[in-house]
Amino acid sequence: MSTVDEHEKDMPSEDSGGKGPPPPDPEQKNKATAYVIFFFFVGLIASLIVGWIIFPQLLYSQKEQPIDFNHALHNELVGDCASCHYFREDGTFSGVPDLWSCIDCHMDVQGEDPEEEKFVTEYVWEDREVPWLIYSKQPDCVFFSHAAHVLSGGMDCVTCHGHIGESEHSKVYQENRITGYSRDIWGRNISGFKRNSWDRMKMDDCADCHEEARDSATKDEPRAPVGRVIDNIIRVAFPGTYADNRGGSVQTQRGACFKCHK
Amino acid sequence: MKVGRRSFLSFIIGGAAGTALSPLPWKLTDDLSIWTQMWPWTPVPKDGAVSYAGSTCTLCPAGCGINVRMVDRRAVKIEGMEGHPINDGGICILGLSGLQLLYGPTRVKSPMKRAGNRGSGRWVSISWEEALEEVAGKLTEIRAQGRPEALAVFSGKRRGTVPALLSRFMTAFGSPNFVTAASTQDSYELALHRMQGVQAAAGLDLANTDFLLSFGSGILDGWGSPVRMFKAHSALKDGGGKLVQIEPRLSNTAAKADQWISIQPGTEAALAFGLAHVIILEKRYRTQFVSEYGGEFEEFRQMVMADYTPDKVAKITGIDPKTIVTLAREFSRSSAPLAVCGKGGGDTPGSMNEFFAVHALNALVGGINRPGGIWAVPEPGDFGWPDPEMDETAARGMQQDRLDGAGAPPYVATAALPNRFFEAVAGGKGYPLDALFVVESNPCFTEPDPETVKAAFSKIPFVVSFSSFMDETAQNADLILPNHVYLERYEDVPNPAGFNRPFVGLVQPVVDPQFNTRNVGDAVIALAQGVGDPVASAFGWDGYEACLEEAYPDQWDSLTSEGYWMAEDFDPAPWPEAFETASGKFEFVPEGLQRGYVPAEIAGEKGGFPLVLTPYDTMRISSGYVGNPPFMTKTVPAEVLKGKELLVELNPQTADQLGFSEGGRAVLTTPTGAANVRVHLYDGIMPGLVAMARGLGHTAYDKYLADKGTNVNRLIGPTADPVSGLNAAWGIRAKLTRA
Amino acid sequence: MDTALIPEGVKRDPLWKFVLKLGPVVAVLIWGVVAMLLCWIKGLNQTNMNDYYGFALWIWADLAVIALGGGAFFTGLLKYIIGKEELKNIINFAVLVGFICYSSALLILAIDIGQPLRGWFIFWHANVHSMLTEVAFCLSCYFGVLTIEYLPLILENRQLDRVPFIHNLSHNMHEIMAVFAATGAFLSFFHQGSLGGVAGVLFGRPFAFREGLFIWPWTFFLFTWSAAACGPCFTIMLLKITEKITGKKLVKDDVVRLLAKIAGWMLFTYIIAKIIDTWYWAAVTAPSKGFGLMEFYSNNGFYGIWILILEVVVGGVIPALILITAKGRSNPKTLTLAVVLAVIGVSVNRWAMVLQVMAVPVMSFDQWALYYPSWQEVATTLLPVAYGIILIALSHRYLPVWPQERELNPVEATAGPVSAEAAPGAESEEETSAEPEPAPAQA
Amino acid sequence: MKQERPKKFGMVIDLDKCTGCGACLVACMSENNVPFKPDESDKLTSITWMRVYQLNNGKPYPETDICYLPRPCQHCEGDHGHSPCVSVCPATATDYGMETGIVSQIYTRCFGCRYCMAACPYHARYFNWWDPVWPDGMEKYLNPSVSVRMRGVVEKCSFCYHRYQTAKDKAIYQFAEGERDSTDLEEDEYQTACTQACPAGAIIFGDLNNPSHRVHQIAQPDEKHAGRPKNPKAFRLLERLGTNPKVYYLSSRDWVRRAGDNYLEGEGKLKRH
Amino acid sequence: MFPFNFEWIWDMSHVVFMGGLWFALTILGLGMTYCVIKAVIDTAKGKGAHHEEH
C-alpha cells in the first residue's frame, strides 16, 4: 500500500500524457485479447479433463479377485447371507469366510466351473487362505459393530453392501493408490454424489443415516436434509423449541468419537 | 512475443481455475492426509476370531496359570487365569511380557553350530538330525573312552519331568554330575530336613496368616510365587493382618509393610534368636508344642537366653531393644504368625543359620504344619518309571564323586552345589569334563561370579546349550539345540515355590512352534536313542508328550481339563506324625547350628572397602535365566537405569561423605570386580550401604537389553554356607570412587 | 543489470554487492530449510521437545513473532481507521514486517505439528471451543489481509506497474484499503487475544490459568494489548536497523516519534494492566489452587523470579516511561533502547507463557522439566529470520517501500536519469515517478 | 432403541495395596499396542499410558516412606465434560463421551499440535515422537482391537474402551439369541487390562453412577460436589484445579493423601463434606 | 467449518465464531472481487495504460 497511489486517485486517470510510446493498434490489440481469452479456455478445459477424467483413472488401481466368486449361485444354495457371513459367539462378525467355512462343501471339485476348480486345487488342497480383496473394508481406525446394526438395529445387508449377493461375478476391486482404500468406501462417483445408501461408506454416510435415525426417534418421519438445516437454525434462534436430543459427545453432540473409532 | 507471453499466462490462469474446479486438488489433499493415517510402515494387526488358550507360565518357579488370548493363530495377550489356585486371575509383569519372548528377536531359530571361536557370535544353522547326530557321536565317544562321568548337565530346574528325564539320562549314561541351580527353596528344604527330618518343600499357608514377619524376604519383590504373595498381602491388608519387614533398605516390601525395621545386614539370625529370647523369657511360646514336640528345647533356651538378650541383639543388629521386645510380643500374640526368610526375590540360597533361627521362631509359636503357618509339603515322588538299566560303564561312572561335592561330607544333605561345581571345573579339581549340557538356565549370567563360570566353560571342550534364546551361555556354547518357548510346548510345573499343597501345573502349547525348535524332553529322548543301548532302553517313549502323560496317570484328566492338578484335601501331617527326626521331635538345635553369635561371613577387608554392596530384586527386572523383555525394561525407573548406565542407591549422608551428588559417576569396586556406575541418592537405605539392582548388565540378547547396566553377580562372588555348601552371599564389601 | 526493477529516484547497491551481502543470510536460510525438511521427513524426534515440553521453542517463536508483527495491524488501525495520516510513511514497512512475521508463524506452525499433511484438519474439523482453532483461523485470515495489503506494494514495482491491469488493480486496492485494514484489525484483535487465551484457558496449569471475561481469560486482552504496544516498537527497531545497514534515513523523525508515542502509551497502560493481572493471579487465582507465587519460580535451574522482573520492569515499565516522555523518545539513543527493551519484554512474556507453563510441575510429586532446543529447532527458528531479512532486502531494493526516501536522500545527478525532482517533498512525490525510463523490457 | 442410563466409568486405586510392581504398565502396553524403543530411560519421551510414580515423604533415613501411585488418564469430567484437554483440541480429535464418561483420543484425526498435552496437568498424554517399530516378527502379538498409532499423534489411556465395545457386541449377540435379558453389561464384563492384571488387586474399575458397583461403594462420589469422595481414605489428584477426575485413590497414610493435591504452606487439609 | 461438516453443531458458539469468520472472509472476498472486476473494467476502458504520465 504505497502512498504513491494515494494521490494518484485525485487525478483523472484518463489524463495520460503523450510522453510514452504510441498506443498500440486497436485491431492488433483486439486480436491479442482474443488470444488471451482463447488460451484461458484452453487451459480451463484441459485441466478440467485432467481433473475429472484422467486423474480418477490414474488414482485407482484395478485388481481382479483371486477367484471369480458367484454370489448369486451360492445364495441360491445356502439361502441367506448369514450362512457364510455369520456372527461369532462373542458377537463379532466373521466377515469374509475363511477356508474352513468353505471346506464343508468344497473339499473336492463339485461342478465344472474352472474358478471352483482353481479354488479347490490351489487353495483348499494347499491349505492356503484365499487373499480376497474386500470391497467394504474399513480402515483400521474404524470400529464397526455389525451386531449393533444388524442384531440390534435390524438393518439388512443391502443397505450398506448393496446387491452384491445377487452378483454372478466378482467385480473389479479398485484400490486407491495413495491411501490403499477400496474405491467402494469413497464411492465410485468422483464428485462424491451418491444415489443409493450403499454407494459410499465414509464417515459422513454413517452420520447421515444416524441423523435420520435420530430424527425418526423423536419425530414421526425422517427429515429431508434441508428440513434438518431449517430445524437447526430454529434451534439456535429459538432455544427450547425442540426437545434436546443430543448425543453423548461433548464435542459434536452426536455419538461420542469412540463409538466408531478405535 | 507479447501475445505469447500473455496467452501463456492466461493459459495458466485458466488451468488453475479448471484445476480448482476439478476434484484433483481436493481429493489429493484428502488422500494425502488419509495416507498419513494409513502409513504403510505402520503395522495393522490382522483381525480374526478370538479364543483363549490356557496354560502355565514357566518364566519363574511360581507356576501361575495363564490364559492366552488368541486371534486366529496368533497369541496377542497373556492374562492371568481366573480361579487358578496360585494366581487367581492376577499376573506379574514378566508373565505379561511373555509374548515378547515368544515372538522376540533373540530366539534361536534352529539348531546352531559354532563357526568361529567361542563367543565370537558366528554360527551356522544345521538340521536337527545333524545336531543330534553330532551330540550323540560325542557322547558315544565319551562312553567309549569309559569315562561317562565326563559329561555334566546343568539344569535350571530340579523338579518336573524334564529334569527327571535329564537325571535319568545321566544315570543311564553313567555320570553323577547332574547339577541344578539353587534358590531359597533349597535352603528351606534343608532346614526342614534337619529340623523336622522330612524331605519336603516349605509351603506357606498365607491364607490364614495374620502376622507376617519377613526377614528381608521380598514378599512384594518377587519372593516365592510373586502373584500369590501379592494377593496374600492384599488379603492381609483387607483382613487387618500385619506385615513387618526387616531389612536395611526400604524395598517395595518394606514400603508396603505396616512396619519397616532396618537392620544391620547379615544379622537377621541374631534378631530371630533375640525374638526367641523374649518369647521364651515371657513364656509366650506354644507350650504344648514345645513340651511335647520340642527336641533339645532346653539347649536352645539356654543358648538364646545367654547369647541373645535384647541388648546384645540390639548391639549386633542395630535395632532398638524396645523394638525387639515389642516385635516379639506382637508376633507371639498373633493368632497365626508366620516368619519367613530368604532374601530379596529368593533366587539365591542363604545362610542356614538364619533359616534355622527363623524356622525355630515359627516352631516356638506353634506354626509348624498348622493353619497360617509353614507346612511341609511332600516332594513329588518319582514318576513310576522303572529304574534305568545301567551297564558296567554307567555303574562305574556313577561311582565317581560328584564334581560339586554335593551329597558327600560335609554337604551330605544338599542335592547339588552349582557354585562349587563351576569353581571345581574352573580350578581343575577332580576329573576333567568332556561335555556339558546347559538346560533352561543361563549360568554365565545368573551364577555369582560369572567369570568363574566362563573359566569353567573354557575347560570343557564341548558345551551344548538347549536355550530358546541367544543368552550369554548360548553364546559361549559350541552347539545350540533350541528348546520351544513355553507357549509352544508341553511341560509340568510341580510344587510351585512356597505353595502349601501338592500341586502340578500343566504347560500346554498355545501356538505352533514359531521356529525350528524342539522340546528339550524330545531332544533328550532322541539323544538317548542316538547313544544306543543301554541308555536308549531307558527311554522307551515315543516322545516327550507320551512320557509326560505317563508320568501323571492319575492327574492327567485334571491337568488337561483344569490346566493343573491340586491335592484339594491335603492336610499337613499333624504334630504327632510330623517329625521324622531321630527323636521324633522338632529339633530346635539342628546339626550345624552355630552356638553363640558369629558374624556372617562377608568377603573383603573393611579397611580398603568401607561400604557394603547388596543386590536388590525388583519385579521390574527379571534376574533369572530369562532376560528382561523390552516391556519390562521400559518400566525400569530412570533412578535405576539411565541410558546404558546403572544407578546404585546410596544414602544421602554417605554420598555427602564421599562427595557424590545425584547422578554422579563412580567406579564401584569390590574384591571380585569393578564397574562404572552412577549414584542415586535414596533416603530409604542404611548409611554405608550401596544397593544395586540385580538382573541388568546382560551382554547377550538384543538392543533392548544388551549392555545396559552392570550384572551385580559379577561383583559378588559366592560364599559357601558351612552347613549347606550353597551360596550364602548377601553382599560384599565395596568402595565407591569418583569416575 | 537490474536497474530497471529498482524504484526510480533512489540509489541502491550494485547487484553483485547486494547478492554478496545476502550470501550469509541465504546460507542460514538453507540451513533452516535442511532442518525443516528433516523435521518433515523424519518427524519431530529431530527436536528436543518431549512429553513435558509439548510446546517449546517453536511455539514461543510463533507467539513472539506474532506479537511483534502486531505493528502491522496497529499501525494500519491508526492510519486507516483513526486517521493518523503521518503514519503513511511507515505503514508500508509495518505491513512488510507484519507479512514476514505472519508468514513465518504459519511456516513454523506447519513444522511444529506432528502430521503436517493433516494440518488442514484444524480448519475442516474445527473445534470452535479451542483457542488454537481461533488462532488458526484468524491467523490465516489475517495473513490473507496482510497479503492483500502487501500485494499493491509488489504491484507497484516499476516494471509491474507498467501493465495497465496491474496498475488498476493496485490502484483499486488502495481505494478500499481501509476496509481491509478494518477487517485486519478485527481479526488481529481476536487472534492476538486467542494466542493469549491459549495459555490462559489451561485450568490444569495454575501458572498459565487466568480468570477472565466470558470465555476469554485476561491473558486474551493482555496479549492483544501488548502486541499493539510492542508491535510498533518492533517496527521501529527494524526501521532503525534497516537505516543503520543501508546508511540512509528512510523515515522522518516526526513519524517515528508519533508512532513511538502511541506505542509508549499503549505499553504504559498495558504494563499497569499486566501488573494488576500478575498481582491478582499471585494473590488470588494461584493460591486458590494451592500454589504460592514463589513455587512457580524456585527449585529449578532456570525459571527464577528474574524472568518476571525482566518482563515487567525491564521490558515493560522502563521502556514505557521512556516512550511516554517527549525527551525520551526524541533522543535517538533512548528511543532505540526503549523499543529494544519493549521487544525483549514482550518476548520474555511469551517465553514464560509457553515454556514456563510446561516446566512448572503441577502434581506435588512431579518434577521441574528443563529443556534446551536441538539444532534443528534453532535452525528452523532462524529460518524465518533469514527469510525476513531477505524479503526486507528485496522489498527495499525493488519496491517503493519508503515514501520519504527520495526526499531524505536526494540522489546526485550522476546517479542516473532520476535525480532532481526529488526536492518538492512528499506531497508532490508522484511527479517523480513520471520519469520515462530505458524500458529494457520492451526490447 | 432404548436409552440406557449414562454411565461414568471410573477407577479406584488402593495405594495401600499397590506394590509398584509394574504389571499394570505392561498389561496396558500389551493390550493397547504401545510401542517401545531401544532406550526408554528418558521418561519424558517414553509412552506409558499407565505410569507409576514413586512418592516419598521427604524424610531422611530411617523415617523415609515411599508410596507408589499408578496414574492412568484421569478421564476428567471437568465441568460437564469440559475436561482440560477436550475443549482445547482444535481438530475435535479428543472427546468426552457423556454416555460413558470416557475421554477418547482419535489418532487418525489428531494432527499432533500437542495442545492437549500442554493442558493436561497429569502428563497422561503422550506424543509419538518416533514411528512405532516392532522387531521383526514381534508385530504378531499386536491386538487388532486397538489401532497402532502412527508417528506424530498424541495417545493416552482409553480405559480400554475397546473392551467395552467387545463386551457390548457380545451382550447384543446374546440378547439377540435370547441368552440374556438386556444388553446392559455386568460389572465384571467390562474391566480394563490393568485392573484385570493387577496381582495385588489394587485397581477396581466400574461405573461410578451405579450404586451396585464397587467403585461407587468405595469412593462414594458426592455428586453435589463434583464427585468429591465421601470416603475419608479416598482422594483425587489435583482436585482443587477443578478437573473433576474419575480416578480415585485410597490411602491410609495422611502424607500420601496430602500429596495428591497442592496446599499452601500452613494450609490445613482440604475440607470435606 | 461448514454446516455439512461432521463437527458442525448449530449452537451459539458455532454461530458466533463461524459467523465472525465467514463475515470477515466475505468482506475480504467481496473486496478483492470488487478490486479485480473494477480493474478489468478500468483496463478495458484504457485506464492506466503506460502510466498516467504528465
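When the chains are written out, they are named A, B, C, D and E in that same order, and each has its own residue count from 1.
One rule holds in what follows: a residue touches a chain if its C-beta (ideal position, glycine included) is under 8 Å from a C-beta of that chain, and two chains touch if they have at least 3 such contacts.
Everything numeric here is computed off the predicted structure, so don't read it as measured data.
Undergrad: What is the minimum number of touch steps required to go from chain C to chain E?
TA: Minimum step count, chain C to chain E: 1.
Undergrad: Tell me which has more C-beta contacts between its two chains, B-D or B-C.
TA: Per the contact counts, B-D leads.
Undergrad: Work out per-chain C-alpha centres and flag the one nearest the whole-protein C-alpha centre.
TA: Closest to the centre of all protein C-alpha atoms: chain D.
Undergrad: Counting only C-alpha atoms to place each centre, which chain is farthest from chain D?
TA: Centroid comparison gives E as the farthest chain from chain D.
Undergrad: Which chain's centre, taken as the mean of its Cα atoms, is farthest from the centre of chain A?
TA: B
Undergrad: Based only on mean CA positions, could you tell me how far chain C sits from chain D in angstrom?
TA: The separation of the two C-alpha centroids amounts to 42 Å.
Undergrad: How many Å are there between the centre of chain B and the centre of chain E, using C-alpha atoms for each centre?
TA: Chain B and chain E have C-alpha centres separated by 75 Å.
Undergrad: How big is the gap, in whole Å, between where the Cα atoms of chain A centre and where those of chain D centre?
TA: The separation of the two C-alpha centroids amounts to 36 Å.
Undergrad: Roughly how far is chain A from chain B, centre to centre by C-alpha average, rounded to an integer in Å?
TA: 57
Undergrad: Identify all positions of chain B at which a residue touches two or more other chains, and write them in rising order.
TA: 32, 35-37, 44-45, 47, 50, in rising order.
Undergrad: By residue number and range, which residues of chain C touch two or more other chains?
TA: 115, 118, 121, 125-127, 129, 133, 171, 173, 175, 433-434, 436
Undergrad: Can you list every residue of chain D that touches 2 or more other chains, as numbers and ranges?
TA: Answer for chain D, listing residues that touch two or more other chains: 42, 46, 54, 56, 82, 87, 89, 92-93, 108-109, 131, 147-148, 150-152, 166.
Undergrad: If you look only at chain B, which of its residues touch chain A in the complex?
TA: 2-3, 6-8, 10-19, 21-25, 27-28, 31-32, 34-35, 37-38, 40, 44-45, 47, 49-50
Undergrad: Inside the complex, what are the residues of chain C that reach chain B?
TA: 115, 117-118, 120-121
Undergrad: Please give the residue numbers of chain E that touch chain A in the complex, ascending.
TA: Where chain E meets chain A, its residues are 3-4, 6-7, 9-12, 15, 42, 46-54.
Undergrad: Using the touch definition from the top, list the residues of chain E that touch chain C in their complex.
TA: Residue list for chain E touching chain C: 1, 5-7, 13-14, 17-18, 20-21, 24-25, 27-28, 31-32, 34-36, 38-40, 42-43, 46-51, 53-54.
Undergrad: Of all residues in chain A, which touch chain B in the complex?
TA: Listed in rising order, the residues are 31-32, 35-48, 50-52, 55-56, 59, 88, 90, 92, 94-95, 139-141, 176, 178-181, 190-192.
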